[in-house]
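As written, the chains take the letters A, B, C and D, and residue 1 is the first residue of each chain.
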Amino acid sequence: MSASVASARSGRSWLSALARWETLLIGAIAGLIVLGALLSPFFLTPGNFANLIAALMEVAIMALPMTLIIVAGEIDLSVESMAGLASSLLGFLWAAGVPLGVAIPVVLLVGALGGLLNGLLVARGGLPSLVVTLGTLALFRGLALIVLGPRGISNFPPAFTELGFGHVPGTLIPWPFVIFLGLAAILGIVLHRTWIGRQIYAIGKNTGAARFSGVRVVRVRTGLFVLSGLVAALAGIILTSRLSSARADAGAGMTLTVVTVVLLGGVNIFGGSGTIPGVALAVIAVAVMQNALRLASVTVEVQSIALGLLLILSVVIPNFAHRAKSAIDRVRGARPPPADSVRHGETASW
Amino acid sequence: MADSGVVVGPMPARTRGQWLAVVARQRELSLLAIMLVLGGLVTLTAPQFLTVSNLSQVAVLAALIATAAVGEALVVITRNVDLSVEATMGLVAYCVASLLERHALDTPGAIAFGLGLGLVLGMINGVVVTVFRVPAIVATLGTLSVFRGVDYLIAGSHQVPLAGLPPGFTDAARDSVLGIPIFVLIAMIIVVIGSAILRWTRFGRQLYAVGSNPEAAAILGIPSRLVVFTAFTLCGLLAGVAGILYIMEFGTINGTSATGLVLAVVAAVVVGGVNIFGGSGTLAGAALGALFLGFIANALILVGLSQFWLQAIYGLVILIAVSADAIILRRIQRATAARRVR
Amino acid sequence: MTEVVAAATQPRAELRGISKRFGATQALDDVSLDLLPGEVHALVGENGAGKSTLVKILAGVHQPDSGAILLDGEPIQIAGPARARALGIAVVHQEPRLFPDLTVAENVFIGHAPSGRLGTIDWGSTRRSARTVFDQLGVRFDVGAPVRGLSMADQQLIEIAKSLSVEARVLILDEPTASLSAHEVERLFTIVRRLRDRGVSVLFVSHRLDEVFDLCDRATVFRDGRHVITTSTGKLTTADLVRHMVGRTVSLFPKVETPIGDVLLEVEGLTRTGVFRGIGFSVRAGEIVGFAGLVGSGRTEVARVLFGIDRRDEGEIRLGGRAVSFASPSEAMDAGIAYLPEDRHQEGLVLDFSIAQNVTLPILPRLFRRLLVRSSTERRVADEYTKQFDVRMTGGEQLVGAMSGGNQQKVVVAKWLASKPRVLVLDEPTRGIDIGAKVEVHRIISELAASGLGIILISSDLPEVLAMADRILVLHEGRITAEIPRARATEERVMFAATGNVEPLGDGDASGGAVDG
Amino acid sequence: MKLSSAGRTIALATTTVMLFAACGGGATPTPAGSTAASAAPGGSAAGGPITVGYLPKDIVNQYFAAAKTGMDKAAAETAGSKIIQVGPNEPKADLQVPFIKDLTTQKVNAIIISADGKDEVAPDLKAAMAAGIKVVGFDSSPAVGAYNVFVNQVDFSGVGVNLADWACELAPSCTGDIAILSAAATATNQNAWIDLMKKTLAGDKYKGLKLVDTVYGDDKPDVSTTQAQALLTKYPKLKVIVAPTTVGILAAAQVVSQAGKSATVKVTGLGFPNDMKKFVKDGTSPVFGLWSVPDLGYLSYQVAAKLISGEITGAEGETFTVKGLNGDKPYTIGKDSIVILGPAFRFDSTNVDQFNF
């Protein structure tokens, strides 16, 4: 219920629409699993399900704060570079003999600071987040290269690499997946059960009204960017651990996938609607699809084509659903709910 | 509003607002000024900066980006964005190159084909945005990976080497007329024609109108969707041109050609002073933005800064540019706060 | 005399039995109206009477569900705005709809810019013709400057210039004077009369009855989407007109006399550069202080500073004797100030939040100290406050977006009372809500005052202010030009102060002023 | 509107498909007539049909396409054997890892991999080996212990010396500025060669040569071109550009010859004869080297086959022969289970025309 209220689609109609969207995703996952099983005899092996998620973990983790940011009507393109900066900084510190117990907190702090930079420029400076984070996308990557240069730092202690590569003892569940679930649970509760989440939706739906209602818009937005930076740094650490190597180019190109996954999760690019469960399902759907296609030795080209089409469809389908619905409403004589994406689709850029 | 007096004259606040607005609209000049100053400083430490060969090299590379940036600007002015330009460039580049290599078409034919392909890809974006009502950022994010995927699919691991291209095909990248590199001429022509269209044709003004106030545009009966569609189509066409220039510039073409260029293109547009929320900005600005970034890159390498610094500086330039816009705009509004527009 | 004209000449434009329905609400119900060549025809009525719907139909924005439109006796379809312009029907909208990034000249001529050779736009003549248009208006403009940052009034003038630029046969003025100073109004009227004498038919939609009598030959009254009467203005008094509009001789305003308590809010020398200067007043417990003045006179701006949205440049605000300064609305709320914004949809409500969610939005942190939102609590609080004002709803889960304006406004009030304020600032609380709801809102306001709140009532609805307020502050050009105690408050006095340094309009008894905002 | 737009969409779709169809067909990998091609078929791939997973750095670089032609030929020698090629679009380790996992899941008999990063791929390769899959590294080595055998195209130190020697030979009287144009800043083998080259340059013989800069072209034609241009501008006195990457050397040679500096600036390094013929002739790049990439693929496959059949285990000191390679003389598995294909082959005007890959 609260998920539905907080889910902030407009009311029952949208609640049902949302339900439809998430059931749609579940259906898609089921379909993909069947497909995978048909495509490859190895798909349904237990080991494979461990692999299936592993490849996408960093993306999945970064997608969670991205969900909150987009719901609040902003976007953060800089996450992949922050992950890279985290990786290369960690490597740099480790190579310089700093114990990981110190290095990791430092890296996380840097992540938070980077997020703060984004947050201040966007929330306080009132600059468009698309451009700001485009700038920091380049800035953070540049810093990563400056810090570590061409080197790749590897000799990390096994205990550390276990974090990214190992499994929960006695199971095939990779640790990063556990981290993902934990984070998803926390942010899910924050977004759907607490008044902070309520305020995030309010900002995303009607910043003016939120501000006039005493919501500390600047503070919330800034906070979200800090969170995003922090989690991106965490993802960078996990990536470093999983590949047992720190490099300046770590995570390059991940932002596209992150945003894609979030939008596939049914989050409205213009803010105001979307749920963590939806995004989590989208993560799984994408992971399954990629894995199935790989096992069927379908080349990566086809995968990127498929992903692109999926992304577009994820907007087209609800749009048409909405138009159909508001048509019905008009007949019924009720006031059609504000047609977010439909309206913006023509006018706004993002 | 001053009631005294027979006629209502412009308020001082308004004139000051205008003055600032004028400054704000002089992005082109400020960019040129900065480049002159920096150029001087760089020349002190690296004399070879101020050589014809170097400057023309910078200009040629910038012209390539500028061509794409002009297209991007058209779309951004309408309050949209096209993230798929780089994919369009790459796809056109590979298709044209491979057609030439296989002698499937003669040079003019292949070029015409490339332009046509760019046009069609642009139309696809246009349809997805205006017919299927997909927000531009999402739509072009999608087509980015679709187009790129098709590019990989077609190219596979094949690479069209310089040798595969008809002799003299790539000369355009080096030759110059009256001392001006052909690439620069092409970019200039595009900017001039484009600017003329924006300034003097109905379509051009509608472009700004749609970006400036979509609701008002609708009430005026301006065909917003058609305008946006056309903008995307032209953007695709120009990306196609850029793709062909890309072949001439780099000679060797494979599936990865032009990856990562979208950052440079959008950066050029932003640095060029085109408002990311649409309605304002000039094509000359976008082109100069491209030149500015290329200029910075070249200068950095020449003063001996490792290429690792490049990205960081790029980022800073973008942040500075967008902050400057905001500050000036705020000044204007503050100056005219006497009558807040609600 | 106008009757003779009416009888003699064929109407320029004629609407017959027009009906239009939006969802549940019947905006227009079989209304008819005729515009004679060379007349200025007033269209008056309460908000929601259907005036703007009719205007939109003539502008081609809406299509009537039934009925016919005739132009010079020819039945016509006004398919869209462009078509309307082509037919010579020009509309000056209340809200300027301009392009901030384009120049003044271009805004005037957009859509029909003079084109030179090769069909390109001829900027030279565009600017020249723009200047001539503004010369007609008697206004000087830098036609080469962008519109961005121009004041509401200036933009309004550009809107009017726009309609002058097309040789309009039917000119529709939809509350064009709402944000114009008296001087500009006079200018406008001169121009309108000039156009009328040229044979243009003018439909003049206004709330300012003084203007109706001043300018118009005939007047048509709508009420609740129905045609009430069309008659010569010579045959009418303000009183008749109001009666026709409201449908009964109403005492709209059940003001409850309440004892005035101690000073709650004191403001001294409050200044925001370029917006308002040296504002000083006080509000006592149980007192209703009315803020009157034309749109743009700075009333809302003062409120925004009080509520911590905008910064003040000078001056002091004391709440309960203690000097305060708010960096944000939340701080103002915590201190006990609540502000009902003017624009319900942009600032008042989150339309696709439920009623409960809207009511609790300002108090979430107080309501749920342990972060977790319990919807049961939420609904309880919402019910508690919505009941007071018997908001008609299907339940706390209902989306406010799907409610009538009046009920929405009640939700906003409920929302703000939930934050238990000491001083309540109401900005146009009855704009755009039907009579019934209006009466209720007035009742609520009185009760709140009675319960010891200090209330600031910002309203363009003069009778409302006169009836409700214990004291009336009149603002003009960002300064307080008069402070009128209830006893001495009349529409003339207020209008006199509100329009600054000009003679009061209209004659004494048929007093002017607005009936509603 | 709807109909027309639908129509428009369909029209668009069809046009596009047709356009793409026109571009297609370029995908045919470069033909490879290697020295092994002349060898008698029925090589020494003992045992029955096998399935080998081939995981190059990326599937775009034609270098790996050329290597695959060698593998295909070897696989063709045993009926029923097949090669599954998988891989990312760009040479990035984190993109390469999932494919190792999947190949492991698919229980292929062996994995032949060119590592994007030696440590990144190690854990999963070890897991694969633990699952009984033979791992053969080639071209770019995984971490030691994460493969059964690494087939080295060439003796690294040898290449280091070669690069230095060619630079010395091309620089007038072995003096002047030289610069390196590498691939990705993080590429294992590139960095190894560069280090060894630097060591060699320390030698007395080369004291005239001054290594002024090392830049990275990321194995992308455009980036490499820009970097090469920058080198020319930045170092007017530059004599030689050394590019130990097939993408880099081509870009550099194009830049130099198009800048009309072929007389003063020379380009050497590692490149494909087909790419470089033109520049050998116009004097831009009189000398460069490479090994027979198809042969490298051929050998890698044979090693995989022998590991599967148990003919070799990858232990140091083991020997084996592959018909048509190394003059049919036996290969010896060296330290860290490394097998070396042979010395880098030197191409110049005398022989470049005899090769086609």
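Quick note on the criterion: a residue touches a chain if its C-beta (ideal position, glycine included) is under 8 Å from a C-beta of that chain, and two chains touch if they have at least 3 such contacts.
Remember, it's a predicted structure, so these values are computed and weren't measured experimentally.
S.K.: Looking at A-C and A-D, which pair shares more C-beta contacts?
M.R.: Of the two interfaces, A-C and A-D, more C-beta pairs touch across A-C.
S.K.: Averaging each chain's C-alpha atoms to get its centre, pick out the one most distant from chain C.
M.R.: The most remote chain is D.
S.K.: Report the inter-centroid distance (CA atoms only) between chain A and chain C in whole Å.
M.R.: The computed centroid separation for chain A versus chain C comes out at 44 Å.
S.K.: Just the number, please: Cα centre separation of chain B and chain D in whole Å.
M.R.: 36
S.K.: Indicate the whole-number Å distance between the mean C-alpha point of chain C and the mean C-alpha point of chain D.
M.R.: Computed from C-alpha means, the inter-chain centre distance equals 74 Å.
S.K.: Could you say which residues in chain B touch two or more other chains, in rising order?
M.R.: Touching at least two other chains: 150, 152, 215.
S.K.: Provide the list of chain D residues touching at least two other chains, using ranges where the numbers run on.
M.R.: If we look for residues of chain D contacting two or more partner chains, we find 59, 89-90, 216.
S.K.: Which positions in chain A touch two or more other chains at once?
M.R.: In chain A, residues 145, 149, 248, 299-301, 304 touch at least two other chains, as defined above.
S.K.: With touch defined as at the top, which chains are paired up in contact here?
M.R.: Chains touch in the following pairs: A-B, A-C, A-D, B-C, B-D.
S.K.: Please name which positions on chain A make contact with chain C in the complex.
M.R.: On the chain A side, the touching residues are 1-2, 5-6, 8-12, 14, 193-199, 201-202, 205-206, 208-216, 272, 329-330, 333-338.
S.K.: For a test of understanding, state which residues of chain A touch chain B in their complex under the given definition.
M.R.: These residues of chain A touch chain B: 121, 125-128, 130-132, 134-143, 145-146, 149, 248, 256, 259-260, 263, 269-270, 299-305, 307-312, 314-316, 319, 341-342, 344-350.
S.K.: Would you tell me which residues of chain D are touching chain B in their complex?
M.R.: Going by the criterion above, the answer is residues 5, 8-9, 12, 15-16, 19-20, 22-30, 59-62, 64-65, 89-90, 215-216, 220-222, 225-227, 229-230, 233-234, 236, 247, 250-251, 254, 258-259, 274-275, 277-278.
S.K.: Where on chain B is chain C touching in the complex?
M.R.: On the chain B side, the touching residues are 1, 3-4, 6-11, 13-15, 17-18, 21, 199-202, 205, 208-209, 211-213, 215-217, 219-222, 275, 279-280, 332-342.
S.K.: Looking at the complex, which residues from chain B come into contact with chain D?
M.R.: Residues 46, 48-49, 51, 53-54, 57, 61, 91, 94-95, 98-99, 101-102, 104, 113, 116-117, 120-121, 123-124, 127, 131, 150, 152, 154-163, 170, 173-174, 246, 249-259, 298, 301-302, 304, 307.
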